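Heads up, there are several structures right after this.
Shared between the two complexes below is chain A, which pairs with chain B and chain C, respectively.
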Partner chain A sequence: MHSSVLRFNALVTFAVAILALICALASFSDYFNNPSPTADVKVLSINWFHKQPNGNEEVRITLNISADLRSLFTWNTKQVFGFVAAEYETPQNALNQVSLWDIIIPSKEDAKFLVQITNKYRFIDQGSNLRSKEFNLTLHWHVMPKVGKMWADKIVMTGYRLPDRYR
Partner chain B sequence: MEWIRENLDSTRSLQIRQVFTQAVSLVMIVTSALIIRKGLMCVTGSESPAVVVLSGSMEPGFKRGDILFLHMSKDPIRAGEIVVFNIDGREIPIVHRVIKVHERQDTGEVDVLTKGDNNFGDDRLLYAHGQLWLKQHHIMGRAFGFLPYVGWVTIIATEKPIVKVWNSSQKFIITLQIKSSILAQQLPTLTNYPLGTMVAVVNVVVTDRHPFDATFLFRRV
Partner chain C sequence: MDWQGQKLAEKLMQIFLVAFAVVAFVVGYALGSFQAMLLIYAGGVLLTALVTVPNWPAFNRHQLSWLDQSEVDRHPRPQAAASQSSKKKTTKQK
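Then we have the complex of A and B:
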């Protein structure tokens, strides 16, 4: 009954159970973190605004993004994925979310940044509704843990408007 | 002689009992695994409540061998979520992040575009020919939890690369370097890797004589 195989089996089972418990506790500890991230996005210029041959409008835009996401990091955080999306409503679509730029933040030291960028992904509408369109710029973040539950939230910045004519 | 026979009988019954105990415990393990799986399916509403990450396209967030837990809620899909989707005519589900969402005003239907965090471009090259957007029915689940390394158990159990190569019609391992985006386009699964990555073909299923009309399974080397 007390062969080495049985002992080894019991040991492994116990170790796995303890490991699972530690993982669960590590993930649970994230609940006690109340982050207070800040962000500010400015539209520096609209570099290009035209209609494609297929009728969809495209915008190229330069943004100034400053954010402080340091409070999102806990001891169970592997990385934070952040991105800025343009969000707007059109007669056809209740919601359009177009990701413009993103960043992988590997550590707390890199989580405060100020960048000036042109959009990394194409800002194309489904149709041609963008002239004088009011839109929101939203900074989303997605906290990827070392183990357990993933977290996501956002800061919505309102009051941006596209020009009324192509350029 | 009598005591020998007695001893023999008792050991035989002991052996039978041991074998029986082992068989029962094996059945217990299998059924409990099934119960957990089915239970998770009920709770999460997703047909596959957990998936193993197979490619490096979401690195450094998710590496090969990590496990993702999925749910399938009725909430509309939003940008930034990590979804698991199936493309028509493709066996292996893909785990990538949603970067664009267009939701219809009247029907609530969604058009979704995805991209791997570690890939250069979006996933249109991975989609079926001419497909621009993912629809709701392509999406099998949405990731909410993460467990590192554990998936290696299933990768090792199911993927024995060398065995697969020898079983396939092409009995060799090719090492090739992704040099141009044209090659990457012709071999769609290669777009999971950035240009210049060394990959090995671990399985080739040739469906036609044309060299590119085949299913390749790649492994980063």
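Then we have the complex of A and C:
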């Protein structure tokens, strides 16, 4: 501590080290949060179901998506990214996932919602696999903390089926 | 700053920073506001800097009494000894 500059240096170093410690503690406090999110997706209608000239099939679908993701939020949550994906099996692939809609939830208040939408992203399959196809609609969420590692989870809703003929 | 002052300033700095960190974390957690924690801590760091970094008079209360120049002149420095075995002696004069 021979000069003001030296004292200032020591203070800054110690202050930053302690800041890192309290941020780590804040991140650790997330482990005490037990989230219990709920979600429900209903298919209102299949708007159309086409076969494209290049052999691919496309679906336009209207969904009712309702979810309560408020319990995912802690004081250390920056935002939650959620998306709904259609998941199905084909002879070529064990799992096909097509993202139909997504949302960025910046705060706890915005985390309970009910939306009626047509798919934001195109539901296209390569090949002619979708007729009469059974598929799941899964709501995934990625929780991005202010300090710490991102984590993700999902709710799988089963029992949806595409028509057996184009329309 | 004198030695005692330096010791005091360092102790104060450590105690202030840890105390503000604890208060910031507890208040932030209770309010559910990460921003509150950061703001309280930042305020604490600034306050600590204000208290411990500048050379306040309170840190200069235990001055070292250096030898008077007139006394120095009366006791000339010993010459470098011719023999290798002589050890350096420090003498305290009041």
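The working rule: the second predicted complex is superposed on the first by the 166 of 167 C-alpha atoms of A that agree within 3 Å, B and C clash if a C-alpha of one lies under 4 Å from a C-alpha of the other, contacts with A are read in each partner's own complex, and residues count from 1 in each chain.
Just so we're on the same page, a residue touches a chain if its C-beta (ideal position, glycine included) is under 8 Å from a C-beta of that chain, and two chains touch if they have at least 3 such contacts.
Everything quoted here is computed from the prediction, not taken from an experiment.
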In the superposed model on chain A, is it clash or fit for chain B and chain C? fit
In the superposed arrangement, does A:4 touch chain B (first), chain C (second), both or neither? second
Just chain B (first), just chain C (second), both, or neither: which does A:21 touch? second
After lining up the shared chain so the two structures overlap, which partner does A:75 touch, if you call chain B first and chain C second: first, second, both or neither? second
Does chain B (first) or chain C (second) touch A:107, or do both, or does neither? neither
By the touch definition at the top of the document, which applies to A:95: first (chain B), second (chain C), both, or neither? first
Check the residue A:146 against both partner chains and state whether it touches chain B (first), chain C (second), both, or neither. both
Put down the vertex angle at chain A formed with chain B and chain C, C-alpha centres only, nearest 10°. 50
If you count the residues of chain A that each partner touches, which comes out higher, chain B or chain C? B
Contact-wise, after the overlay, does A:45 reach chain B, chain C, both or neither (first, second, both, neither)? neither
Could you say whether A:13 touches chain B, chain C, both of them, or neither, answering first, second, both or neither? neither
Closest Cα approach, chain C to chain B, once both complexes are overlaid on chain A (Å): 9
Identify the residues of chain A that lie in both the chain B contact region and the chain C contact region. 146-147
Contact residues on chain A for chain B in the complex? 23, 27, 78-79, 81, 83, 85, 90-99, 102, 104, 106, 121, 126, 140, 142, 144-150, 152
Which residues, counting only chain C, touch chain A once they are in their complex? 1, 6, 9-10, 13-14, 17-18, 21, 24-25, 28-29, 31-34, 37, 41, 45, 48-49, 52-55
In their shared complex, chain A is touched by residues of chain B numbered 60-62, 76, 78-82, 97, 99-105, 108, 111, 115, 117, 122, 143-148
What does chain A use to touch chain C in their complex? 1-2, 4, 7-8, 10-11, 14-15, 18-19, 21-22, 25-26, 29, 74-76, 146-147
